[in-house]
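Below are two complexes that have chain A in common, paired first with chain B and then with chain C.
Now for the complex of A and B:
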């Protein structure tokens, strides 16, 4: 019974990781941009959830507005800063986004204080569902269902719409797409906002379970990179499978040996890079 | 990074003069010692990043390993100061060579990710082995043995000033040795690899071999600085391993590709943190901003800026 509980937990956690990683991977795929500030935007999402709930009293409003605010922040930073450094080597992307991550993290401490905050599970989703002798929190079930719906919408957006076609074509050759008359700068900014907005959404969804604290961005960034590397940079299905794998390992190991979980996932990442550099689902 | 920077003949002298002036200008010799320790770590990071073009997130692992291993050697094997430092130096070189040998099998972002993965792994290993490392609490009561050779005690290094002098001498040796390494054929080859690895490979250099040696040197120096830091604090915290980012920022802000830059970068980091830590604990926000500004406008860092200013002044005189 305990294992079913852990597996469900792992599924929810894995879907959160999927949302974060898919944003990172789309941005890397299309923009060829390495975003070390991705985790920091996840943290901003979590804190926005806290403030919006405190302000409006409704988790649903924060779920609706929060990701849009994070996406807008990302759009502004892309327009003012990031687009200037796309042409530079990855090293410079890393340095600049590390700087942004540091600024966001310290700003969060200035605004919300160094100690973490807890966010109440929304009224409608409190309590547990009982199936036979097995009880599971409603919010966690909602989380799994909601993220699956978001994942499906995202899949539709990327695979069945003009926007998705442009993103996929741009990942092959951004130059070619721009020569065909597409405003590539707008496409880049939109994709960046979408990817980072997903990280913000993940931050909001995880806030009622794990609370928020200023350093959650750093933690989650490491995990997001593990997921993206295991799944393959730029791969949607890879982010999904990688996210679920990491989520399940962490969740099942959490009762046995929590530090072992971290050792395992970072070890797995090193092994994948060395043995299968394009990831389990990436293309060479 | 910045173009190849040839050490001017006077730079060793300039550093020696700085080492003498530093404790006189600064409010305490301990602060000056801290600057030199981080300057050594930044210098080692610079050898990889500025000269080899290798962005490593594994420097914290070498720093932490040096602190732990020197401390463990002193506590459990009761070794003296020099043997403890030598232990850190050699084990740092060994660990870095191993990590480097694996990490350089990939390039670009995957290389960076590998160094990050190994650093995280090291963190959790240190956390788990709490019998040896003290785990989350860090390793307490790290001794600072007297400076002795063959039974003859030169100094007990008990006072902050005495320890500063010792660290300053170590720093000067490391700085001069690094300058020699950069100026040697090895250094030139490293720069050639940074500029164009395929070409260096085609010319006939075994680029993997050069990168691994660069890692070993960098790891040795970083571990040495970690050991000196543990003796300064009498404490080896677990957070040492998470220092990679700070060391990297010091290096870049000071100037990647110039050894003097590392001293400037570490100096500004330590001094700003010392001044602002009490009145404005969020000072790191400035470092984030400075990092972005350096990448956008001042690729050579603080030292690069000073250098171009000096050049401009000299050119005016000639006219």
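Now for the complex of A and C:
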């Protein structure tokens, strides 16, 4: 029974990791841009959830508006700053995005204080579902179902629409996409906003479970990179499988061998790097 | 329709185009010949904005193109079928075509009729195509943007003679639709068969320009500029 509980927890956690990592990986695939501010935007999503719930009293409003605000912030930072450094080596991307991450983190401390906040589970989703002798929180089930729907919409967007085809084409050759008359700068900005918006959404969804604190972005950034390395840079299915794998390992191990949970994740990453340097679903 | 006047282009510090001038008229098929490294591809890349000319002017339908963004030049009606074809390997044939479509004479249905092979292969990935199929796809994609001027960079390079024939027939049909074409090609027979006028490029300069008749009768041009390495 305990294991079913942990597996469900792991699925929910894994889907959160998927939402964060898929944005990171799409951005890397198309823009060849390493975004170390990705975790900070996840944190901003969490705090927006806190403030929007405090302001409007509704988790649903924050779930609707929060990701859009994060995406808008991302779009503005892409248009004003990030697009200027795409052509530079990755080290410059890291330098600039870590700077932005620190600014966001310190701003959160100034605005909301250094101590974390809790966010109540929305009323409609409080309580537990009981199946036989097994009880599981409703919100966590909602989280799994909701993220699956988001994942399906995202898959459809990337695999079945013109926008998605352009994103995939652009990951192969941005120049060739421009030569077809497509404004690649606009595509870059939209994709960046989409990817970061997903991190914001993940921040909002995880807020009622794990609360929010100024350093939540740092924690999650490391895990997101692990997921992307395991799944393969630029791969949607890789982000999904990697996210679920890391979520499940973390959750199950926390019961079996709590001290070893992080070790197992990084051990898995090391094994993948040794056996498949481009990740499980990556391409050379 | 296209007017290039004393264009200078660089790759880093190396001076590739040293003041070239040429024109292409409405409905004309003009070829650009020259040895490897003469600057033919750089000429196409300068016209399409991939390389920004250092100086000089490129006007298309009366509007200045030099210094504009790649997509603006493409939207103005210039389409490049690049060397190495630029196929998106992770996309299906159909997706490769669909992302290029802009309204005009050429439609998906029309393209599938023009290249039946692409219709058969429409569900396949771009990376599964043969060289000839890739070239057809690249030309088809260029046409689907419905350009006024089509630039082709060595469309028959590395292809088997049977396929070269097929591509050359396709180019003739495209010409007959009244499309203006600038063809960079090493295959002299194709150039002579299709070209209304010819330019020869050597070390970044236009060293010859003339009509098809003049070019065909004056073999000294070919001996002088094209014999080695063509």
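Quick notes on this one:
We take it that the second predicted complex is superposed on the first by the 283 of 284 C-alpha atoms of A that agree within 3 Å, B and C clash if a C-alpha of one lies under 4 Å from a C-alpha of the other, contacts with A are read in each partner's own complex, and residues count from 1 in each chain.
Here is the rule we use: a contact is a pair of C-beta atoms (placed from the backbone, for glycine too) under 8 Å apart; a residue touches a chain by one contact, two chains touch by 3 or more.
A quick note: this is a predicted structure, and the numbers were derived from the prediction, not measured.
Residue contacts after overlaying the shared chain place A:166 against chain C, while chain B stays out of touching range. In the superposition on chain A, contact is made by A:226 with chain B only, not with chain C.
By the document's definition of touching, of the two partners only chain B reaches A:110; chain C does not. In the overlay built on the shared chain, the residue A:51 is in contact with neither chain B nor chain C.
Contact comparison for chain A: of chain B and chain C, B touches the greater number of residues. By the document's definition of touching, of the two partners only chain B reaches A:266; chain C does not. Within the superposed three-chain model, A:254 lies out of touch with both chain B and chain C [touch as defined at top].
Once the two complexes are overlaid on the shared chain, A:180 sits against chain C while remaining clear of chain B.
On the chain A side of its complex with chain B, the touching residues are 34, 81, 84-85, 88, 90-92, 94-96, 98-103, 106-107, 109-110, 222, 225-226, 229, 233, 259, 262-263, 266-267, 269-270, 273-274, 277.
By the touch criterion given at the top, residues 162, 165-166, 168-169, 171-173, 175-185, 283 of chain A touch chain C in their complex.
Residues 48, 50, 69-71, 74-75, 79-80, 82, 86, 88-91, 95-96, 98-100, 102, 141, 145 of chain C touch chain A in their complex.
Interface residues of chain B facing chain A in the complex, by the touch rule stated above, are 49, 53, 55, 102, 105-106, 108-110, 112-114, 116-118, 120-121, 124-125, 127-128, 245, 248-249, 252, 282, 284-285, 287-292, 294-296.
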